[in-house]
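We call the chains A, B, C and D, going by the order they appear; numbering starts again at 1 in every chain.
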């Protein structure tokens, strides 16, 4: 059985990664691709290494012109999703990779490793942001098992540059990013409300988060290093995570600090923990590929869930190494 | 039908990439992995993102202890292959990724995009080196169509650091490689005789090559920029390549200078040409992933050919972007 | 007046950076350089861009063979300093860049921006570690002004690879470091006691520190992002720092999150602050070049102080950009 | 004696590097800085690590508003220099770092290591391009000594990204440049006429050049690998270069293939040679920092020459290592 899928936002890194994953997906048949800046070109002109889908012509995005689709992946700039996606017919399921529909009524928050059963067979999925994907994966087991104080959470996250998208000029230019690290958006990043809502829901109590994103000189990857209050031991935290993620195909609980490179090009998330019960400190670490679990990988996983496919279909690649 | 395969040299980058490709190959069943430094560990300890093969225990390499295998991939240090591989039973086919058997009697040179029919159903394949893989792919059509003087070839190649393997100390350390480029092995690199033999065979006349490898700050990728004498036009060269590679699944002839990133993580090779007939100059460019077409990708392609599988089996992934 | 200086450990990155700074220092005259692996070579063979000092021959290190020196910079592996430096004559002042003499009796801790007056005219200086240099610079004003709880300190630090020195094999190889970030030494890094002692002294109360170092893909630079408890506002913290560092030549207090690149190649340290009084959270950030303020720059500054030179002599270079 | 200097184009990388070098120049007193995008800001806002010049306010560029200056460094976009610089008073000497005045009447081509005596005391200097700076330095001794055929020159050059300036969007973004190498401008780069003219002049016969620039993932540095026809030995070429550059302060003749990192942050150029007399092949290599010898370093050297300063004034820094 073939599932007809489309992508809007093919020119961006997130849309491009959905395309890459669709190209080897066993049942997804990409029949539509749209992108503002590339309209009129064949996919192969934009993605020279694309393989069998190369002849598909990129369309100008217009919700009124959509062909019949089972699933539409939307990767639009912030603020452009709400109106446009409202015009997509109900028969087309949507995965919104952008941020406009997270915790919006009528949409299900697609944190697939934590809430697969709420996602299955839904029709409107808001894919989590890249920072939340890394952070929530690490923190969820601790909150679900009530091992930490939900009001004590500090998240110090390090991201590769592709998370900023393709714009940004010289700020994201090689010459300026190379040999540099900096924090940004101190005490006010856009992902905080999303993480607060999700963690409050997981823990059953209001969470309070301090979040500091950092830009580091790499293309892909996010590492979230989280500091929280709690009395559990390292082993109790690891055990909580192993139970929480039992049989979940994409989460790896590890007793060593994870490397983002372990996840490069995949939908995997690596979580680990270290605790100092005397000081009541628990550290949680989450490592992902920001375009994998942080965007397109999770989107495919969600699309598998809503269309009744095997959850891992098209996502079984191993990380690129080195 | 399942093909039983094994890998020796799993700790190196080439062996690791064979493993990555085997993990999603539709018919190859990895039943044996050996590596000096990792013996005794499970694969998942060395490759945390490995997926289903993770529980396989790495063996100490000993040709006498091999299980029954259809294909053995060997990625051993220079000088260690000849004696060891001579002890592998004839019933086990071998792909030698190392350099010890190239143009050695009893072995077939595995330049799969150029000589697939000579490779099919052979039992002892010497996989080409990474620099030759990039260079020969670009030059072969010009020599086969007699468009260039085989004695006039200059190859200026740029390689990522993984081509040097995992040793090397601070010379290949991040701190020293970052923000640096240099040439090495001027007028005497080990790959020259291999390239000379292959090009002489393709062109039917003795070739003479000047080859300069460069180390550049990236992990994967080789770009070969070749300068030769000939009177053809750019379009004639492109056309010769299109004909030469007609229906070959992994070669892309492009009219723009290729980027190594187009091939990242794949078995693809991109070739392009630019000519100035007035000056009798023809440029040929070849871009690959040195661990893909330059090592493990080509090894899998060769293994597909000698075992009667579809040549593209397990090699249909699209390049990582960005 | 010329000051006769020597360096032992010239092969390492720290020793090499002392050499670079000595080469343009107005009064330091480098007359002795020693290094295990390079002994017998001229400096120009190891440092091709060295300029006027190139003909100096590198000696095998032996404290008994030292020429008469005013200052010796020692950059020896951990554990090798104590015995060897005890044999240096009292008339030769020593800056120990390694970690063996920090908070050891008879030695002065060389946190030059904070305690210049204690350092001036001393003869045995223990240079701070690279992580402490970044972290203490940011935290000192808050502790000195009693704006934070000294028992609440979390330091999340990101370091370039040169901080690990020249050894380490493929772990610090370009191929493995590129496109990767990871934490290491969770809850047990060697720099914690040093930072705890210094911060307790500055604040006058026992400090307690959680410290997490991270390795990121760059050559030089450390960013320390610190999380502490306190009720002050952002402006109060900035003001405290401006007062604390009034007239100190190398500390820049900035109201934007600092970039490590602002300090590249210099002895500068950039500190910034962000506070959320409601939540009683104060963030402190410190950015340095780990080989500058984190090693050789601070060593030169200390040498200036102990020899009565202008504190900024030889350290007035501007950061490399980009 | 203090020389009053100004910079227009302070926002670009070339202009910024002139600023960095002026900041520690013993006699140049920067009294004017102009830049389109930064006008109105203090220098310290754009260059946080600047030191003593930080309070200077950046002006909007207008040749009519210039203060009295001894030297103006101009780093303007292509095509914007001719008209604007014509309006600068004759009493102000000009170094044009941009390409508009190279081999234009009334201007002297500022290849300072080759033609210092023609440059001294001139008033209008056209600074060489970055690719020519690397290539001509390596080739000049061979042509001057008639060791090669001037019609046989192939230059294969590799450049860091800062050479492309600050524009360019995602093409020069970290995410796309990292892990990539490509050639561009095949057989038609803008620097070819400039190099042809200079080489013809040096050799006294018409030169013919094939030039291929490559973009590689680094911020600074150019390596030019040149292939030419000639019968000399390696030692004869090295000797010719040693003679040609006798007493020139910034050229280092080396018998090992040079690394661009040897020149990082300096005005140095490293040249080397390798020959195969049997094949009549001579290779010449030149390595520079594209913002040093390739732009700002050479500009300062030229400014020293035209104002009667020591040629090396302000340029004695040693390369950053690692």
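Convention: contacts are C-beta pairs under 8 Å (C-beta built on N, C-alpha and C of every residue); 3 or more make two chains touch, one makes a residue touch a chain.
Just so we're clear, the structure is a prediction, and the values are computed from it rather than from any experiment.
Engineer: What chains touch chain B and also chain D?
Structural biologist: A, C
Engineer: Counting only C-alpha atoms to place each centre, which chain is farthest from chain A?
Structural biologist: The chain lying farthest from chain A is D.
Engineer: I'd like to verify one number: the distance from the centre of chain A to the centre of chain D, where each centre is the average of its C-alpha atoms, in whole angstrom.
Structural biologist: 45
Engineer: Take the average of all CA coordinates in chain A, do the same for chain B, and state the distance between these two points in whole angstrom.
Structural biologist: Each chain reduced to its C-alpha mean, chain A and chain B end up 34 Å apart.
Engineer: Residues of chain B touching 2+ other chains?
Structural biologist: Only 13, 160, 162, 173, 175, 178-179, 217-220, 258-259, 264, 322 qualify.
Engineer: Testing understanding: with touching defined as stated, what is the shape of the graph linking the protein chains, line, ring, star, complete or other?
Structural biologist: Shape = complete; every chain linked to every other.
Engineer: Under the definition above, what is the set of chain D residues touching chain A in their complex?
Structural biologist: For this pair, the touching residues of chain D are 13, 160-162, 166-170, 172-175, 177-179, 217-220.
Engineer: Would you tell me which residues of chain C are touching chain D in their complex?
Structural biologist: Those residues of chain C that touch chain D are 13, 16-17, 19-20, 23-24, 47-52, 162, 178-179, 219-220, 252, 254, 258-259, 262-266, 268, 270, 316-322.
Engineer: Touching chain A in the complex: which residues of chain C?
Structural biologist: Per the stated touch rule, the residues are 154, 156, 158, 160, 173, 175-176, 178-184, 186-187, 208, 210, 212, 214, 216-221, 223, 225, 227, 257-261, 264, 274, 276, 279, 281, 283, 285, 287, 322.
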